[in-house]
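Shared chain: subunit A. Partners: subunit B in the first complex, subunit C in the second.
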Partner chain A sequence: MIVRRATLAGALALTRAEVADMFQYRVVLFLYSLWEVVHPIVYLAVWGAIAGDGDVGGLRLSDFAAYYLTFMLVSHVTAAIEIYTFGPMIQQGELSPHLLRPMNPVWVAAARNISYKSVSMLLLIPVWIGLVIILRPSLTITTGSAALFVVALVVAALLSFLVGTTFALLAFWTTRSFSFWEIWIGLTFLLGGQVAPVELLPGFVQNLATALPMRYTLGFPIEVLLNRLDSGELALGFALQFAWLFAAALVVRAVWRAGIRQYSAVGA
Partner chain B sequence: MPPDVSVRDLVKHYVVPERTGGLRASFRSVIRRKHRLVRAVDGISFEVDRGEVVGFLGPNGAGKTTALKVLSGLLHPTDGQVDVLGFTPWDRRAEYLSRITLIMGQRQQLFWDLPAADSFLVNKAVFGIDDAVYARTVDLLTELLDLGDLLTKPVRQLSLGERMKVELAAGLLHRPRVLFLDEPTIGLDVTMQQRIREFVTAYNAETGATVLLTSHYMADVKALARRVIVIDQGKLLYDGALDGLVRRYAPHKTITVHLEREADLPDLNGQAEVLSVDGLQITIRAGKDDAPEVTGRLLTQLPIADLSVEDPPLEEVIDQVFRGEGP
Partner chain C sequence: MRVLRIVSAFLRAAILKETAYRAELVGNLFRSVIGIGVAIGGLAVVFSHTSELSGWRLEQAMVLLGVYYLVQGIVQTALSPSLNEVVSEVRKGTFDYVLLKPVPSLLLSSTRRFVVWHLADVMLGGAIIAIGLIRLEAQITFGVAAVFVGVMVGGVAIVFSIWLALTTLVFWFVRVENITMIFQLFFDTGRYPVEIYPFWLRQLLTFVFPVAFITTVPAQTITGREPLVAIWLAPLIGALALLAASRFWRIGLSRYTSASS
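Moving on, here comes the complex of A and B:
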């Protein structure tokens, strides 16, 4: 894919403006993302209660603490917000001015995603550090796992963005794109490593979770960082993560083209 | 030199769902949806040369905005050929979008909470405008539109008129060669409308840009466009000089006389109708063909201090066109 230089410069300028814009809403943003970061405490409390002084499938309380503390950051970095940002733009006809610029409007969604996360991250890191001090997770991070984690996290964020954008693009055809999005959210809750780490899921469900894309937007980077995977599982995981990323890119492209055809046929 | 804009047999139809109000109709529409075909643009052709300013006239729903959206590439036509600057608009090639602009009275592309200067910088980057050209263009636009310190205030604090000026400037930063202006003065007060008109004239003179504008303020069209294209219900009714439109469609002239002293009106043979008598001023309406004869008779038979013969106001003429009256 060839990206025009002006497009990259444009996306960068757009991100800068979006960041400035986000700062106008810092309090709302803080409260909104605070929930996103803090709610994994609920899962941690439940698993902690079950584990007690012992373990669940080899995971002790401090392991759950490490898992869900990492989860807080990962889920924030990989959160897909396009259904709230890009979808309404399409529905309310705000897409037209963007279509008149020589830059694909999906970049607008990307700029908003990045600006939201970078601004809210600044506000949330102190909260997170506080939680680490309180919860004392057992973390053994190696340079290798940290490097792989960064790759897995970036790919997870990209994949998640593309999935979110695909659902947002459904607004070209339906006013109910939220309902479809809820299905994705539900599946991620069950199979993505949210309600439980994937390794604790029962056999058949675990295979399903390994094959489907949800884990690669959320649970997988955490497992990589915490060294929960052997080399075979790592290789398979990355292969599937990249495969899903590639597939999602193709889907977004196809849906965008079909959507634009629809938009320009029925009235922009 | 080929024309900047060339439109041949342009057709744009929409299919829209339709149902009457009420719960029953609502249930029925779940089972069987009725659709209706809207012929927004129904086979129009025209050309616009480099540097021309052309006004699109038509009542609400005539298809003006649809036509502009097709021309700017937002809409894919149902049929017909369109060529603007050698491009097919709906391919939306970057090279094309960099040469045109569409400014819609109510749409906004500016960041609401930021000063417009920030939105300008985004456009600068997106359109790949180099620093020197950007600085010159901002200076020019600031001068022509009297932007002053508007660019440094958050957009949400600007008045509607101020925002429109800034919006116009944002849409012109990349120095488009063809401007599509859809109701650029809508909702603005008379002074601000005047200002925008002067700007479009000055911009056209300064840059030689081609301008197509729609407006339902007749004053806009009168001030800006020597040529008008009248469309109604998707069809082209008239394409030509503005005064030609009046000549062709105005069925009568208004004759106003000022008398030196009171006098009885001569017999007008039913060729004219007295609209009002106000002291020494008499206003008479005469058929277009009868006007010379009526004027002659008035001049010979009345003690006249002053006499003027005028076309009816443009609004009246246009109304006549849309109601399908006249020739």
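Moving on, here comes the complex of A and C:
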């Protein structure tokens, strides 16, 4: 993707404005961040209760703690919020003024995404540090796994953003894009590494999870950081992650072009 | 009697109003089916590694999940639409019109809206409870059913009280549109039996923010599990919570100054 310098400057300015805007809503953002903490704790408790003093498929309680604590940060960084931030813009006709600007309105969605995450991350970190102290995860991070983790995390965030944008763009055609989004959320819950680390899914489902894109928006970076994958699985994982990223970019492009052609704002 | 007539008039009006949006039923039903299907899939994953979770078998955990959706459906049908309206009215000052009517303000504020479409969750929750009980081959006597209903009513009373108390904060802080998220935050821990949580969290979820009484205890009574606490505590705590919350509402109400003053 080639991005012109003027566009980049514009995106930067947009992000700065959005960050300032987000700071108004810090209390709400704090509540949202707490929510992201609650779900992993529920599943940590579930697996902890099953593992007891032993293990589940080779994972001990402290491994689950490490997994779900990493999960909190990864799910925050890769969260797709476009269905809330970008979808309504299309539905309510607020897209129109943005179309007059010399840059694609998808940048507005990107700026909101980044500003939301950076502001609420500041609120999430103290809670997270507290949990690390309470839960005592067993973390064995190597320089190699940390470096690969950063790559996997950035690609996951990009992929997730593109998927979120695609679902938000469905608002061009239907007022029910939320229902479709909920299917994606449900699949991510089951196959993306939320209800359980992908390695604990039963055989056939695990193969499905490895092939489908959900894991690459969430579970994969965690597995990379915690050294849960051998070199073959790593290579396959990265190959599929980049493939899905490429595919998602093509889909967003196509959906945007088709959608904008039949956009008529509100009341037209 | 007069109160009953008023409430039923409100309900009729609210239902009529909602029937304008019939397509909502399809949308909501679809979303409920997806949500519950995913939740059951989650249980299947968890129980593929164990035959019991803190002593709960798969079918018992299913019944608990059904109770969760039942309560969730009641909240979204009857509780949250009415009480959320209070928050926006207080902010805009139009809460005056509620106070001017010759009906207790709390009654009016909590029965004005009834989003029938969310009954989809109630129905599906009930269906899951039924399926779980059939698979358990549970012998449900009239007595057990009556106790279950009593415990559920207690649980719903607790939910209403918490929701009302959070809403009442609007009289002090005005901008509290999202404060009820705090409820959802704790309520989401109730998808699983409270026994799975570590000791301190279990105490918190039983006595401070009593999610245990909303899902775990009702599911225990109907599946014949040893109850966590004496079950008569559920309606008792429900009644106490109602009293406390309505008292708090009155204190909050006395601080209402309309807008612009």
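Methods note: the second predicted complex is superposed on the first by the 262 of 268 C-alpha atoms of A that agree within 3 Å, B and C clash if a C-alpha of one lies under 4 Å from a C-alpha of the other, contacts with A are read in each partner's own complex, and residues count from 1 in each chain.
Here is the rule we use: contacts are C-beta pairs under 8 Å (C-beta built on N, C-alpha and C of every residue); 3 or more make two chains touch, one makes a residue touch a chain.
Keep in mind that what you see is a predicted model, and the values were worked out from it rather than measured.
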item	value
Touched partner set for A:Ala45, first subunit B, second subunit C, both or neither	second
Subunit B versus subunit C as contact partner of A:Val56, first or second or both or neither	second
Subunit B versus subunit C as contact partner of A:Ser138, first or second or both or neither	neither
Touched partner set for A:Leu12, first subunit B, second subunit C, both or neither	first
Residues on subunit A lying within both footprints (that of subunit B and that of subunit C)	none
Subunit C residues within the subunit A interface of the complex	27, 30-31, 34-35, 37-38, 41-42, 45-46, 48-50, 53-54, 177-178, 181-182, 184-186, 188-189, 191-192, 195-198, 201
Of all residues in subunit A, those that touch subunit B in their complex	4-7, 9-10, 12-14, 16-17, 20-21, 24, 93-94, 96-103, 261, 264-268
Residues on subunit B engaged by subunit A in the complex (per definition of touch)	14-15, 66, 69, 72-76, 90, 92, 94-95, 97-98, 100-102, 104, 107-109, 111, 113-114, 118-119, 121-128
Interfacial residue positions of subunit A with respect to subunit C in the complex	27-28, 31-32, 34-35, 38-39, 41-42, 45-50, 56-57, 176, 178-179, 182-183, 186-187, 189-190, 195-196, 200-202, 205
